[in-house]
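There are two complexes below, and they share subunit A, which is joined by subunit B in the first and by subunit C in the second.
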Partner chain A sequence: MPPASPKPPIPDAFRPSASIYSGSPAAMPVALGLPVLAWQAVFFLAPLVFLVVITFWQVRSFRLEPAFVLDNWTRILWSTPFHRALGHTLQVAATTTVLALLLALPLAYTIAFRLSVRVRDLAVSLLAVPVFSSYMLRIYAWQVVLGADGIANAVLGAVGLPKLQLLGGAFSLQVGLLTLTLPVAVLILVFAMVGVDRTLIEAAENLGCRRAQVITRVLIPSIRPAIVLAGTTTFLLAFGDYVGPLFMTGSKPPTLSILLVDTVKSGSQWPRASVVGVSMLAILVLVFALGRLAGSVRIRRRAS
Partner chain B sequence: MTSSFVALKGLDKRYPGHHAVRGIDLDIAAGEFVAIMGPSGCGKSTTLRLLAGLEEPTGGSIAIGGRDQAGIPAHLRDTPMVWQSLALFPFLSVADNVAFPLRMKRLGAKERRRRALEWLDRLGLAGMADRDIAQLSGGQRQRVALARALITQPSILLLDEPLSALDAHLRVRMQTELSRLHRQLGITFVYVTHAQSEAFALADRIVIMSEGRIRQVGRPQDVYRAPANPFVAEFMGMNNLFRGVCRGRADDMATIETPAGHYAVPARRPLAVGEPAAFVVAADRITLARAEDGPPSGPAVRGTVLGLEFVGSTQTIFVETEGGQEFRVQKQQHEIEALDLVPGRAVHLAWEPRHAWLLPETE
Partner chain C sequence: MISPRFVRRLSRLLQYGLLSLFFAFVAMPMAVIVVFSFDANRFPSIPWGGFSLVWHEAAWADPMIREAFVNSIWVGLGTAVLSTAIGFAAAYIDFRHRFFGKRLFVFAVAIPPAVPTTILGMAMLAFVSRIGLSGRLETIVACHVAVASSFAMALIRLRLGEFGRDLEPAAWNLGASPWAGLRFVVLPFCRPALIAAFFLSAAVSFDEYMIAWFVGGVHETLPVRILNQLQGQVNPKINAIGAGVLAVSLVLVFLARRFTNLRPEPMHGPDLRGDSA
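Right, the complex of A and B next:
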């Protein structure tokens, strides 16, 4: 470093160093991204490709044999049980999505705007705990509550009301699926609402907006991408869930995931089960793409 | 004041652990441009928020247009505000942002659109109506925020440091724009800022606050030339403050003993011998001379040049007096060229006795 330089020289720390970048600054992101790419290739892409490949294989005397036949696809896609299961699963997942959003929006609003910061943090951690606890355990807990001699019926009996068949229908299935999805939906919406600029809300009030209008005119438009994310996440979780339908309805009517397992169990039909699986994945990709589209396209009501 | 449009009486706002506004009284005439200034946390923004109804006062009253505002919620006040962050709605187009208050008033879509376009045109934003907010420059967003606040034709506009996010060049242009709007509309502007240049350029009257209290209200030149107390004098920045005790009275002059020496000051208020007193000499009232040229006649202090600062053709010279106080002197470049002022040079600072301003309050 020259001692009496008129301009301070660039410190070495800010110079591109040959030892780190090996000549090219573009090498750094590649080096950091490589492990992730490798992980994805080995544990996601490879099984996926294998799953698709299997759909063209054959099963002969309970043994899987490599082949290239379209028989599995035609048999599943044109079968009535598949159509029924698909329709049922779509309807169940859509219902869960609507219910989860209807419940999550007011809940998230209360947590984000009506609670003090300390109580809000507590509520967020109480929501995060179930996400990381066993879903199976929570489903069992609901069986204790909703069963024929469960807590709910005991309470009903105590106030002189007749027993209800709570378990084994659409109601208990939704209870199960909401147990899975509601905490996630609420968390996504709480984080989005906490991030909304408070001056936007004050500005709306200042410009003549009543409380209720602030929610519909400013808050909801501000968090639209998060609402779409919460909706797609809920749909994806409910659509692919196996434990909920199995324990809350006794697999009747079957959802696609139930159908998938049943297909495997009946005569080791791995190729046909794979067809169900690939179809489910295709639907999820479609839903996710539609969600992305809805989240990014600006639906603008023009004043004209 | 006979016709006060805005009247604050004993207005008070306490938060848990913080007394933001401590019982202030202020009258603002209809059509007046008032700037509220003060350091951060002095209560100026809280006062504005109280006017808009975004905060509930814990004491005192606010009347706007003769109507007590107690219990009137923010959305019914018609006291539109322009925020420092502008608070434009990113999910609405430019025209829909501007028409937002009309939508709240349930005006028809056609009428909303017509009036939004009219205001956009008026603020030089013709043709921008259907753009996204994100597509606009800082100055254009500023105009959208103004149009949105003014579209309901309010009788008062509140501005909370609206220009501080703009660069210097744009800030000056927007000042001109605000001045023009204020003249054309003839409505009351209440403008909160920490920037002296904005307040001086725009306001009819300046309110200076500190620690939740009003320290002085007056025209810009009064606040600058005739500060009421040491706080205002120092807040204005270009005043040199002397603190001392009155040691004598003769005719209309008082002699003040300060650590730097005895000075004769015009006694503009009753002042008893032995009473504490403070006076200021404005930075542009001081003349500079090199120490080797001998002491000047009249009041003066000796000091050493610390440094110089250019602002256009004006130079601010920082001088440390022998008493260790930092003084500022403001001169035109041509006035001091011959003095060859470099840091470390010994100088005399002199002023005419009539230019010393005895502060009405010593604290």
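Right, the complex of A and C next:
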């Protein structure tokens, strides 16, 4: 099906044949689209639906059996380990989100406004590397750096300072999670900041705004959707991460991801692990909905 | 009295200082792995024990690591080919067609990377073991494709955004069938994005451990092997494997980057830089 074009319609006499336009117009999108749909349905949507289904199933003598019981939900949602893990994970992810945004805003600003186009493009390329390479290995490297006999303590010892307990607490966990999230947050904000209409900034400057005012009154409001996106993405990554908490704190205290994996491993409690997984997804959907709301409310206020 | 000039200088200094620290923070873990993979010491720490290839040799001689490496290559290749195909089909349909439920269609391809891999891996294993597909390399490929297609679609859709909407109708007018138009007009235009999508999907697959760990059963990919080794005793071979994995990842991401012109660009108006503080 040809899209509407501003050109005048072609006289029928010049059409090679009607079949070229209409010749099974639905055949191609169906032939291209069905495999895509089938693939995503079988290997993405079906597993997620099945995850919800097995929260109502039962495990009998180590075998998963279809049933409809609410026992798994009540057992998990009213259990202390789940409450502790939930509170801990929410707090950790919120901390990472705040830290990542506080760091990413000035960093993105410097990359977007202080570097030449060439250096800026290079910086963006360099930041794309950690996003797509071996987070697990980098967590392991932090273990080597921050460990009791690690590099950081060796350096501290060399200058005569006492050893520090760097690994195994909130500090190392945030180092790990920022390793995962900070490059993503910076990239999102750099793209948004460079994309801001420069005439707006110029206008503000011509009207006598100082730099701080330009940033708070023009730049930040124009990139609010990107700030929300960077924040929600950071939250999502930190909230669902498994290896960071596993290696940076030794699973003490466990996060929801660790609780989920442990529940699968111990006694193949699939239904209960699924309850944890579905609860996590529900929380993430809620966070995204709140993020969207936060973005749209501001826009409406500005428009009125 | 502090002059505005001094404040401006200080502000610049702080900005560049923070940026340098940030890049050091990003680069350090990778540098640590590479540097200590050549360390003769058994436990990575300072001082360095001298240059040695012993751990690289030991890693290469380990049959389990070799097998995991070969598995990773097959899974990565399979994922790259299929994700690029599915990503292209999805991006083209989004570009060319309008139909009821299109947003849902695009959403089903775009959203998987947003689901934490811990949950996704578990859900995939629960489901594929139900349909009798668990514990196979092909299943890891199938599951990786479900995630990696999202990136492929994004890259190809971006390229199609620069494609003239009238070029394809022009080909049809000249007598090309829709399939010929796709083959001789759209595909050649998308070539750089297809190559980038191929390498990026391979990188995503080569790096993924949770899904591969859940779904793969006894078939370990390289990241899964590393994860299992990390949970055991301290093993100096890990740095050597890590250096190899990093090298492959870096090459894949750089190749993907080379074939995309995705860069931050100003909307309009002059690009002010080096303007007042």
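By definition in this document, the second predicted complex is superposed on the first by the 260 of 304 C-alpha atoms of A that agree within 3 Å, B and C clash if a C-alpha of one lies under 4 Å from a C-alpha of the other, contacts with A are read in each partner's own complex, and residues count from 1 in each chain.
Here, contacts are C-beta pairs under 8 Å (C-beta built on N, C-alpha and C of every residue); 3 or more make two chains touch, one makes a residue touch a chain.
As the structure is a prediction and not an experimental result, all values here were calculated from the model.
> Going by the contact rule set out at the top, does A:65 touch subunit B (first), subunit C (second), both, or neither?
neither
> Classify the contacts of A:209 with the two partner chains as first (subunit B alone), second (subunit C alone), both, or neither.
After superposition on chain A, A:209 lies in contact with subunit B alone.
> Between subunit B (first) and subunit C (second), which does A:222 come into contact with in this model arrangement: first, second, both, or neither?
First partner only.
> Which partner does A:247 reach: the first (subunit B), the second (subunit C), both, or neither?
In the superposition, A:247 touches subunit C alone.
> After superposition on the shared chain, which partner residues are touched by A:239: those of subunit B (first), subunit C (second), both, or neither?
Touch partner of A:239: subunit C, not subunit B.
> For subunit A, which side has the bigger count of touched residues, subunit B or subunit C?
So, of the two partners, C touches more residues of subunit A.
> Do subunit B and subunit C touch any of the same residues on subunit A, and if so, which?
197, 199, 202, 205
> Contact residues on subunit A for subunit C in the complex?
So the residues of subunit A in touch with subunit C come to 1-3, 5, 7, 10, 14-17, 20-21, 23, 25, 27-29, 32-33, 35-37, 39-48, 50-51, 54, 103, 106-107, 109-117, 120-121, 123-130, 132-142, 144-145, 149-151, 154-155, 158, 178-179, 182-183, 186, 190-191, 193-199, 201-202, 205, 211, 236, 239-243, 247, 257, 260-261, 264, 270, 273-274, 277, 280-281, 284.
> Show which residues of subunit B lie in contact with subunit A when the two form their complex.
Listed in rising order, the residues of subunit B that touch subunit A are 52, 54, 73-81, 83, 85, 87, 89-93, 95-96, 99-101, 103-105, 109-110, 112-113, 116, 130, 132, 148-149, 152.
> Can you tell me which positions in subunit C touch subunit A when the two form their complex?
Listed in rising order, the residues of subunit C that touch subunit A are 12, 15-16, 18-19, 22-23, 25-26, 28-30, 32-33, 36, 43-47, 86, 89-90, 92-93, 96-97, 99, 105, 108-109, 112, 114-120, 122-124, 126-128, 130, 142-143, 145-147, 149, 165-166, 168-169, 172-179, 182, 200, 203-204, 207, 209-210, 223, 226-227, 230, 238, 242, 245-246, 249-250, 252-254, 256-257, 263-273, 275-277.
> Can you tell me which positions in subunit A touch subunit B when the two form their complex?
For subunit A paired with subunit B, touching residues are 197, 199-200, 202-210, 213, 217-218, 221-222, 224, 298, 300-304.
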